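Both complexes below contain chain A, partnered by chain B and then by chain C.
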Partner chain A sequence: MKARAATSFGEDATSSAPLLRVRSLTTSYVGERGSLRVVDDVSFSLEGGKVLSVVGESGSGKTALCRSIMRLFPTSKVHVDGQVIFDDQQLLELDDLEMSELWGTRIAMVFQDPMSSLNPVMRVGNQVAEGPRRRLHMARSAAKERAISALKSAGIADAKQRYSRYPHELSGGLRQRVAIAIAIANGPKLILADEPTTGLDVTVQAQILSLVNQLSHSAGIAVIMVTHDLAVAASASDDIAVMYAGRVVEIGPAREVIGHPRMRYTEALLLASPRLYQTPHARLNAIAGRPPDPLDLGPGCAFSPRCPHADSRCFEERPELTASSEDQRHLYACWHPASAALDEFAKLAVK
Partner chain B sequence: MIVFVISIGVFLLLHLLPGNPAYAILGPGATPLAVAKVTRQLGLNKPLIDQYVTWLTRALHGNLGTSYLTEQPVSTTIGHAFPVDLELVILSQLIAFALAIPMAITAARRQASILDRIFTMSSFGMLSLPAFVIGVPLVLAVAVTVHWFPATGYTPIYSQPITNLHEMILPSITLAVGSVAIYYRLLRTDLIATLQEEFITLARSKGLSNREVMYRHALRPSTFSVLTATAINVGSLLGGAVVVEYLFGLPGMGLLLVNGIYSRDYVMVQGVILTLAVAFVLVNFLADILYRVIDPRVRHA
Partner chain C sequence: MILEVDDLTVELPLGYRRKVHAVSGVSFSLRQNETLGLVGESGCGKSTLGKTIVGLVKPSRGSVTIAGRSITTLKGRELRLARRNAQLVFQDPLSSLNPRRTILNSLIEPMAVWNTLEPDQRAPRAMELLEEVGLDPSLIKGRFPSQLSGGQCQRVSIARALCVSPTLLICDEPVSALDVSIQAQILNLLHDIREQRKLAMLFISHDLSVVHNISDKIAVMYMGRLCETGQTAAVYKQPLHPYTSLLLDSIPGTQLDEPQSGESGESEASGPDPATTTQPLEPPSDVSSAINPPSGCRYHPRCPYADATCESEQPPMRELRSGHFVGCHHPLA
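This part shows the complex of A and B:
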């Protein structure tokens, strides 16, 4: 049932097969206390030129989801199940070498903190040129040209001068632009951006988000952007997926998810965000309780212990993703879905 | 500045030692008159500050005085001894790097692997073995038994480079052992820390091979501790390789220093220590420059 629901999502008006299809992706970290399921049965599709934001609090599995698609983990103690079909290739069936051949050229990553994700002792231009040079086997000068044009595309005006700077000589915004230039240098089809704007101030954040969108649309790159900020997700994405305790609990077009949240967690997240018209010092509607312990999840909805609408069914039976009656692409997993429209948030969604 | 302070220290220390060098020169049974004469000749009756200024002025002009015993200029003797140690130390450090860097890379790449454990355990061993414990069996094995290398002897490198290198290999290996262990441990630890960095994950996400990630991204930022240790090591080994010098019959600075102290040859001891101090400072100055080359962030600090 969920597979069917997931298939319907993303395969709308355009008949072409989506660039990325994720089916029942389940990722476990194998640790000393046993195996820890950090991504649980996640399915979605994404087309080229579209931006999908994955929203969730710390530990909800959004970063692990990205890394599972990329198959890039710092340790080998990870077990990934399910299917990731990228450009008609079954990524989880590729061996390490075949997978690393996709890295950088077909799939690229942008990390959260450009200070720590850029090599501090290497000129930024060389870090951008490294991809074309090593992976596309370009000559030194051609790779440099390529890097400069990537830096320009990433919105760095005086790219030639910045080329020979070191990361610590650039501002946070510029560093993140360099990181984006690294990602786009080899012309990938999919970019996984893990909280690309978290360390940046709000103005720069907006610039980076619009840059990501513009690159995605103009070059037809599919972008999965992980964020914990619904406002960021709303303003910069075509689709939004909300994750909780490793599962996607709501997914759909950004305007729908933000303006018409059905899953109670999404609703609570939205109501918890500070709003401009609130009286100063008004208490935020924080979500009570704490994120669940992934080693101790009940049989029911993972959000039920914190949910004001939860009843016995919520604790005992896990709701599956179901399509909204208003928009077939909007899926949610909730026994007692919200029905009120949140128009003030709908305005945030630009698309 | 540092050299200046050391020069005062060296000077005072030796003059505060009991015993008049005049006795050492004249031998036992010297008449008080002769002692007084020699004392005056050496300027030892003047105020200490005058003696110091005289000595320092000459030293700055490259004149470190004349040995009481050999009656040769100290600078000439040092000029013969210093290159011995310089070559010994440089060779030993090259050998140490050649072993420690690949070992550390292998170990850091596969932590807790069998190789990692073997390297780490043997580095403990190397660290705890004094030079003569390694040197003596080495001499027995490859010099005395199979005659691949000479056991002792020294030929200046400028007269017969090949013979010289042949003679220097065993002492260099002996001296390198301790350094290998230190550099291996420092580099391994730093590499493991660097490999956790996010820029390493980014480098991997570019699709670079493990080898490219290691050599292009991980190695350089991991060399700070090793560089610091090398600077200290080179500085102290230059004058501190007495055991190895003695074992292999190399006429180096360490032997010069020890013999000078035994025979109360103050002028010689002063000269040797001052030379070593200058060398130490120069080596660390060089290391400071290298820090800047390795890490651009240091350039602004």
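This part shows the complex of A and C:
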């Protein structure tokens, strides 16, 4: 059951222990209709200074994965099994108080909608300064200094003036920058960003993505970015994990996953997205059907009902993550991985 | 021409003599069996333009003519008849359908409102339409919107728009709320329907890759004004307006569409300055807004090529290449 290959993702023999290790993480919602596995046996590792994008359709479990790592679920309703090792600490074994000590100081989160994640009746600067004051017990003036420098690092020009603004006075892009400033104010080592650019204009999206990358690479922060948009993941991350029905079905370096997708779902997603190298009105290769009902998953590969390459084995036996022969860091779970068709696709990708 | 929009201006009052300049002096036209993609950032007025065309918002100036009937001057019964030719498909498929009504009833209602068919023919017609948008009528007709997926709801919305056989279909962000795999299905469907019914389609979206796929012509809108229009391929290949160029450079993942070796044969989008592609990524200043639009060219506060002329004079739309118009004092060509 446990994929040995999966445990090796992100762990090079050359480097020391990575910052974050997730081992067979399984999250189930317990409800009246039985328990619902929203995250199923997910394993990966992430080093500081790297950006990992988690890509998937709605309901594929990407947000639940973040919340499980962050331990934002009520324990009575949601079971989280497996291991999350962050900086040699077993996060799932900490008690609530110990965990809350980590929130905002070592691990921070950026949410999708800054309008609802920011406090509407508090000046944005004070919201940034709140972290340093409460968590690092800084004096008011020192915390303000810290907040202004965080706002500047988040790319906000004239941070001093903007400090005393309210969220509604700022544009969507600026609000998301404030949310990022809050996340980085205490100098965290890990940031979980849940759809940080969804709902923003393309020009602003490009700015925010480059900011996230720049912060990650310069300050050595590990970033897990959840997105539904493969193009966003492709342009702004070192590694990509593709999720389908709660499982990671393909994971590897961004260029490999996008340029040479092996898992048929990743391939289908790429072929379904309109691309600029196509001529206008090019027929899109839509994926038939729709995402599976998580309460009604068969024993086989969850994508098999929609997959044009599926055969009886796909319906009966679930493929495990295995390493690609070309690149040991590129893992995929598929019985009939793309290979010949891949060349066709690669040709497409370079026109 | 199915749709002709001439010098359309919409100013929405805010009180205290302030107003939002939502749409300013927009002109374009749309033929049968042609799709115009309208792109721009949020708040640039693209949805207001769509609503004004069907008569949901009153323009302060200018005219809209659909299939020879003027939406802006007609009144009463005549206006109703003119509006029937234009139907809308909205962004959020779930909230644009009545949650308390079955799918079949939602489809019959527009036919009853317009009194198009004999009452006993309406249900069969609705079933045909469901079939046309790729749904199984017998399975879907008795369901409620909450029992359908987003993609299915969007198909129903499209079927509803087709109920009265419009000549113009206005789609306002029809695929923005859908997952990529479903988005492709809906885009293919819209394309097929337009071909079969020879519709004119106005496709409003902020997603430049989607618009590229579905449109014959593109109109780029910035703060209520059109700044560039032209054939899709031409605009994407060689944008003339600095704003269009910025938009295209911001599309995520485009670097993957280019040859990896780095021999960029096409990226010489020869502007006044060879360093066009590395425009500084600064947060745009918040001062200018549609309430208080900048003087001259509305893009000048953000434009790297702006000079004194741009600040004082509004650039007229000029046809620099055949069929390719741009409103800029310093076009990138």
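Following the convention adopted for this analysis, the second predicted complex is superposed on the first by the 326 of 351 C-alpha atoms of A that agree within 3 Å, B and C clash if a C-alpha of one lies under 4 Å from a C-alpha of the other, contacts with A are read in each partner's own complex, and residues count from 1 in each chain.
We take it that a residue touches a chain if its C-beta (ideal position, glycine included) is under 8 Å from a C-beta of that chain, and two chains touch if they have at least 3 such contacts.
Please read these numbers as outputs of a predicted model, since none were measured by experiment.
Undergrad: Have a look at where A:70 lands relative to chain B and chain C in the superposition and call it first, second, both or neither.
TA: A:70: touches chain B, not chain C.
Undergrad: Check whether chain B or chain C contacts more residues of chain A in the superposed model.
TA: The partner making contact with more of chain A's residues is C.
Undergrad: Taking the superposition on A as described, I'd like to know which of chain B and chain C A:105 touches: first, second, both or neither.
TA: first
Undergrad: Once chain A of both complexes is superposed, is A:229 in touch with chain B (first), chain C (second), both, or neither?
TA: second
Undergrad: Report for A:205: first if it touches chain B alone, second if chain C alone, otherwise both or neither.
TA: second
Undergrad: Spell out the part of chain A that touches chain B in their complex, as residue ranges.
TA: The contact residues of chain A facing chain B are 70, 72, 74, 100-105, 108-109, 111, 113, 116-122, 130-131, 134-135, 166, 168-169, 179, 182.
Undergrad: Please give the residue numbers of chain B that touch chain A in the complex, ascending.
TA: 196-199, 201-209, 212, 216-217, 220-221, 294-297, 300
Undergrad: Help me check something: in the complex, which residues belonging to chain A touch chain C?
TA: Listed in rising order, the residues are 57-58, 155-157, 170-174, 177, 201-207, 209-210, 228-232, 234-236, 258-259, 268-269, 272-287, 290-291, 306, 349-351.
Undergrad: Sort out for me which residues of chain C touch chain A in the complex.
TA: Per the touch definition, chain C meets chain A at residues 41-42, 149, 151, 179-185, 187-188, 191, 206-210, 212-216, 232-233, 236, 246-247, 249-260, 281-284, 286.
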